[in-house]
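A, B, C and D are the chain letters, set down in written order, and residue numbers restart from 1 in every chain.
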Amino acid sequence: MQNPFRSLLAGLVALGLALPGHAGTTLDVAAPFEIQSPEPSTTGHIFTRMGIAETLVDADPQGRLLPGLATGWSVSEDGLTWRFTLRENVLFHDGTPMTPATVAGALEIARGKPGPLASLPIAALTPEPGALVIALGEPVAALPAFLAEARAQILAPSAYGPDGQAVAVIGTGPYRVTSLTPPLSLRATAFPEYWGAQPNVPAVTYTAVGRAETRALMAESGDADFVFTLDPATVTRLSRSDAVEILSVAIPRSLLLKVNAAHPFLNSPEARRALSLAIDRAGLAQAVLRYPQGADQLFPPAMGDWHNPALDPLAHDPDAARALLAGLGWVPGPDGILSRDGQRLALTLTTYPDRPELPLVAAVLEQQFRAIGVELTINSTNSSEIPAGHQAGTLELGLLARNFALIPDPIGTILSDYAPGGDWGAMGWQNAEIAALAQALARGEGGDAERARIAAILQEQLPVIPIAWYQQTLAVRTGIEGAVIDPWERSFGLPGLRFAE
Amino acid sequence: MTILVSRLVQAVVVALLVGAATFAMMRSLPGDAAWRIAAGRYGYDNVNVAAAEAVRAELGLDGPWLGAFLQWMGDLFRLDFGVSLVSGQPVIAEIGHQLGASLWLALAAVGLSLVIGPPLGILAGLRPGSLFDRVLLVVSTALKAVPQFLMALILILVLSVQLGWLPAAGYGQPRHFILPAFALALGLAAVNARIARDAMASVGAMPFYAFAQWKGLSRAQVLWRHGLRNVSVPLLTYLGLQFVLLVEGVVVIESIVGWPGIGHALVHAVFARDVPMVQGTALMLGLGFVLVNALIDLLAARIDPRGAR
Amino acid sequence: MTLLSATDITVLDGAVRLVAPVSLTLNPGEPLVILGETGSGKSLLAQAIMGTLPASLRATGVVCIGGRSLPAGDRAAFRGLWGRQIAVLPQEPWLSLDPLMRAAPQVAEAHRLVRGLPGGAARDRAARDLQALGLGAASALYPHQLSGGMAQRVAIAAARAGGAPIVIADEPTKGLDAARRDDVAELLLGALARGGGLLVITHDLALARRIGGRLMVLRDGAVLETGATSAVLSAPQAAYTRELIAADPESWSRRVAPSEAGQTVLEARDLTLSRGGQRLVDGLTLELRAGRILGITGPSGCGKSSLGDALLGMLTPERGQITRARGLAPTAFQKLWQDPVAAFPRTRPLGQTLRDVARLHAAPPDRIGGLLDRLRLAPGLLARRPGSVSGGELQRLALLRAMLAKPRFIFADEPTSRLDPITQRDIIGLLADLARSDGLAIALVSHDPVLIERVADVTTCLPMQEGRKSARDAAIRRKDRGMERPAILR
Amino acid sequence: MTAAVLPRALPTGRILVAAILGLVAAFALLGPVLVPGDPFAQSLMKSLAGPEPAAPFGYDHLGRSLWHRLVHALRLSPLIALAAVATAAAAGLVLGVVAALRGGWVERLLVILADALLALPGLLMVLIVLAIMPGTATGFWAGLSLVLWVEFFRLTRATARATLASPAVQAARLLGFGWPYVLRTHLWPEIAPLMLTAAAFGTATAIMGIAALGFVSVGMRAPTPELGLMMVELLPYWREAPMALLTPVLATFALLLGLTLLAGGHRT
């Protein structure tokens, strides 16, 4: 039975190897995000990353805003009227020209859907010859950054159905979609009438691969040329491989523990500090995340001027943690778990497996908190349980990865999360000073001092407990040049890639 | 005719069951369905109150129980599966996309298993108790004890990771078929081989099989003219039942290798609580089973005129 | 000239000798009948001669066929003779035809593949063969659509299509009604007319008588006597042969009924029975009296068993009335089955089953022992399970079990059709004794009209109802075939 | 058709079954007695470290003892599986006997229901029930019971129908025995061996299902040690620590092989 079986197997394998691939002309991208539909509000980030759709404003890796479909912008004295000069001779992929009216229409549709734009006090979008004028109800200094966000991408009018839902991806980018098969794949080729430089790689594909292990295997086997987001173990493994090059960059995303500060166990800063002291960030970073260091404050260095190097770093000191809790009246019980007034110090930590490291970190936290007498029950569930629990007030602890760069200016996230609190930010905690500072920054008033103060308050009060700063990792097949990681997670940088000769 | 009527009844009850189960799922989602759906739609970075409220308003998730159920079943029997909560696309269209991918994978797996299993089984069944028969028993038992996901894992580790022969995942080219098809086929072939072997042994022990030889036909002629046809009936019937096993395998394997098929979509839909998609895919799989078995019933009735009993 | 001669054939199962050295010759035009009961080794002997023994058995001796000498142990050597030199007729024709192939191709394939005719000519030959056997219309039918007799004839045509001069038939009348027996004998003898040889293995005296030629009586693997068939049957030398002949219902003396009929136990008036939408019995009236035996006969599938079910209250009649005598317990109505093994729980020791019955009916402790003696059963049997007791013993145990319930009426449904003649005579004798001594009313079903004629006081012959042919065939098939399809499908 | 033609199992099957299942059971029950420890205790410094006396199978990526995680996993899945099989067997047995005894519309209804369930992939039903039920373990139990009862029902009904129509049961009824006696002495001895086979097969199916769903991350949740989950967790570390991944793989295989053999080697 061995022989026929083996020869059949060998034959099939040979067949598989003999079939022509399409290496050399097509670049295959694998990333975890699924393509849901042509709708920008859900899938837009993939289209901008793939260079299919574009936004009015662009950003460089340092977060500096650059001209995109708008060549420049200006704001009135009172900060209420913005004028975006639009690039000329831009064609949509269906051959129609981009006009001020089409831009206004696209943005009008975008702000009717959930997303950052919806939260802005926009009074009117007015197309003018060669420009778009946005009238605001109150000043928003970061408006250009909001317009750099993927959901503010500009699609042709024919891309939308009568109800405003996108039915096709008709953008302006260097690549044009040739086939879109939700949820897993997309193909695109270079758009010859692109307004900018033609990309080097004539065709690209995108494959959604949800499982990190599978992505890693695809990178290793050469089945994908450009693999976005690798799990920690893979990074270690792939970095030893000649077949791929690993790129890694710090990004403005933090792994943090959201604390219900209204919870009777957690309503004092001392209690939260005790939890913070229980966390061995360095060990966690090395063993689980395989990062060189853990987070010693909320804002990662990648956030530029928001990172405050002067802050006292968060430390690991279980003894100090126990002392703090003892000071709050907690007494160890027979099993080592603290109790106070007959109540055990038992908490539920909610997290979600969409990011594979989160349940792992949760498992580690469970042990590290147990060491100071805090009992943790881990509920690894749907990600929506965290904002839902926030709204219902039932969440106790949430372990999550927070992106401070939903728009290339962190102020948007700070405003929604900490001034005063938000679904993915502070809970049951209010600080008037932070709210005032953040709102001022949003209006375009203030600068580094205000940012440093915000960081200091968060460090002292710990409405959320920082654990790690994320690194974005990327595997690129050896022989592909020009890869860079966009820390703002807006672009894969495909137009800049080239196949080495 | 009665075969088809009973299959029709089966199909209707399958639809009822799926409808009721998914309705129950819809009604009993732990937590708030709107939140879940918003998370599936907008991703964990962007799910917030605004998104959840938008979903709630759009879907009208609140309402009285009985009316909603009747409405739900009514839609189902009008073959209106609704719109995916996550993607907003009609469920029918989404399934239309995915069904093809799954169908090809399933066909490849079944084809491969039929190439491997029954010939070996018939060879063993011709000489029950021989060394070959016993070896096949050991091998097929061992293969049967390996769940399909484990088979996929082993094949990935060996063929993709260690040897680098085959892509571990991906879709679109013929070489992508080999690994998942094999992962599915080996388990199926293990059972196919047993069925064929038992059927062959039993046919070989039948008086007509001996009589055909006594008539003067050679062994090969007897096998070809009388053996294969009689073995094919139980094998065929079993293939129909195996469909469920195949579908389960497809669900798991597709998730592992990132195959854009109906099984992958199902797991995803369950995870994202995209109930219309769950309903659509489940219904498609259940009705697929009924259809495949109805066809097999007809085919078996053609081969075996003795009628269904 | 001898067509076939076998010298010193033995069959061994390991070290156990199942067939003692037996020699025989087969001459053209003169049939040879091997007569014996189940277990006499007659089939093994035939298989050794044909080279069709199961692989677990070993044969020695030499077989000469068509001028070639073959060692009986060399099974492969016989393969080339099948169909060309020896036409082997199977025991059960229904099971010997491929269920998925129409009748004509099963004959034609032998013409084509064995005799080497081209396809068209083979089909024509097959059609003519079947036509000659009166099966012209049946050639497009599948085996399950054929009656037993038709299947037998198709099998004969298929077996002989290869043109073999020697026909070997092993129990060719098994499962056939008495009426069909003569047809089969006729067909077999037809083969002789062209100078062929015929070897018939049977337990059936009537068949042996019809075939004639020479007879060989076999018991325990050894030949008891040989001679011209008519001579042996009319003047048997061996005691066993005499016993065998005496056990044939033809040789029984008529039972003398008790002069005075007992009271009526059961009465059926204008009984009409249907099962599965098929009318089985129409307007039957009968009366059962204590001490009397009612014989019920009729072709297979005519509703004999259904009548029993109705009399026992297990089938509600469509029309008509069944009246039981007043004051009788419901358990006073018992039944004996054709296959006694199926009538006992498979895994329970027989003694335990009997003790359960005795306890239920509050029988005195020595009742089982007494009945064992009376039915000539060894007490040791009680420790065994149904499968490991001989059919005759088990049928007597079934009778014993029925007796524990103090019956007034026993419906005996072909209780001996699976038993050897000598055992059959035993059981029927016991039943008759019980009827007389215990005043039982007995309904005895048999397909053998001679047996019924000899034993019964009253006889009812159930006719076949119109339009019942297909249902009858189905019924026969169900009874005949232990297995229709691979076990997997059941 | 006798055992000689269709060997039901390997000749050495029984010994093999006993050895394999005994070994797995002994490990699951006695593992922590031999080497005390905690399946959840981490020591990040020992991440993926090799075997040592306190952890004979080495450590996983979080420095948890694989020995103890495996013990826990080999208790969890079989326990859920056995609970589900017991529930399913009881339900299938009762309903099967009821259907065979009552006949009529009760039987027809049950058969239609069972046939319809048969058309739905088991894992799918389990997934849906998991989505409805609050706890994962109870969800698995309920879902698997719902899937598995059909097989027991069909077996029981088919056997009961054949047995209840047999001459042996007719005889018992004619002799005056009641249904309880018939069920006990006629039906149960026929059904019991089938039940054992179906139970072994059902247990294997259930364990496979739990592991498969764990492997695709929709089953048991981390940090619960579960076979499929352990495999998927350890898969990324395949190159660094192949034995760590092979440990649950081999344990699963042994467990399923034992059960498959117990179920009789071949089954439709």
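FYI, contacts are C-beta pairs under 8 Å (C-beta built on N, C-alpha and C of every residue); 3 or more make two chains touch, one makes a residue touch a chain.
Labels paired with UniProt names: A = ABC transporter substrate-binding protein; B, D = ABC transporter permease subunit; C = ATP-binding cassette domain-containing protein.
What you see is a predicted model, and the numbers here were worked out from it, not measured in a lab.
J.: Find me the chain with the mean Cα position closest to the mean of all the protein Cα atoms on display.
T.: The most central chain, going by mean C-alpha position, is B.
J.: Farthest chain from subunit D, going by the mean of C-alpha atoms per chain?
T.: C
J.: If you average the CA atoms of subunit B and of subunit D, how many Å lie between those two points?
T.: 21
J.: Just give me the whole-number Å value for how far the CA centre of subunit A lies from that of subunit C.
T.: Distance between chain centres, rounded to whole Å: 84 Å.
J.: Please tell me the distance, in whole Å, between the geometric centres of subunit A and subunit B computed from their C-alpha atoms.
T.: Each chain reduced to its C-alpha mean, subunit A and subunit B end up 37 Å apart.
J.: How many angstrom lie between the CA centroids of subunit A and subunit D, rounded to a whole number?
T.: Chain centres of subunit A and subunit D, defined by C-alpha means, are spaced 42 Å apart.
J.: Among all residues of subunit B, which ones touch two or more of the remaining chains?
T.: In subunit B, the residues touching two or more other chains are 30, 161, 195, 198, 202, 238, 255-256, 271, 273.
J.: Give me the residue numbers in subunit C that touch at least two other chains, ranges are fine.
T.: 483, 487-488
J.: Taking each residue of subunit A in turn, which ones touch at least two of the other chains?
T.: 211, 381
J.: Mind listing each pair of touching chains for me?
T.: Inter-chain contacts occur between A-B, A-D, B-C, B-D, C-D.
J.: Using the touch rule from the top, collect the residues of subunit B that touch subunit C in their complex.
T.: These residues of subunit B touch subunit C: 195, 198-199, 202-203, 206-208, 210-218, 221, 225-226, 229-230, 233-234, 237-238, 303-306.
J.: In their shared complex, at which residues does subunit B touch subunit A?
T.: Its residues touching subunit A are 30-32, 35-36, 38-39, 41-52, 54, 86-89, 94, 97, 115-116, 119-120, 132, 135-136, 139, 156, 159-161, 164-175, 178, 182, 255-258, 260, 264-265, 268, 271-273.
J.: Enumerate the contact residues on subunit D facing subunit A in the complex.
T.: Going by the criterion above, the answer is residues 40-42, 44-45, 47, 61-63, 217, 221-223, 232, 235-237, 239-240.
J.: Please name which positions on subunit A make contact with subunit B in the complex.
T.: For this pair, the touching residues of subunit A are 1, 4-5, 8-9, 12-13, 15-17, 19, 21, 33-34, 36-37, 39, 41-42, 45, 113-115, 118-119, 165, 181-185, 207-211, 214-215, 217-218, 220-221, 223-224, 352, 354-355, 381-385, 387-388, 391, 400-401, 403, 406, 416, 422-424.
J.: Within the complex, which stretch of subunit C touches subunit D?
T.: 312, 314, 329-331, 333-335, 337, 339, 342-348, 353, 356-357, 360-361, 398, 401-402, 404-405, 483, 487-488
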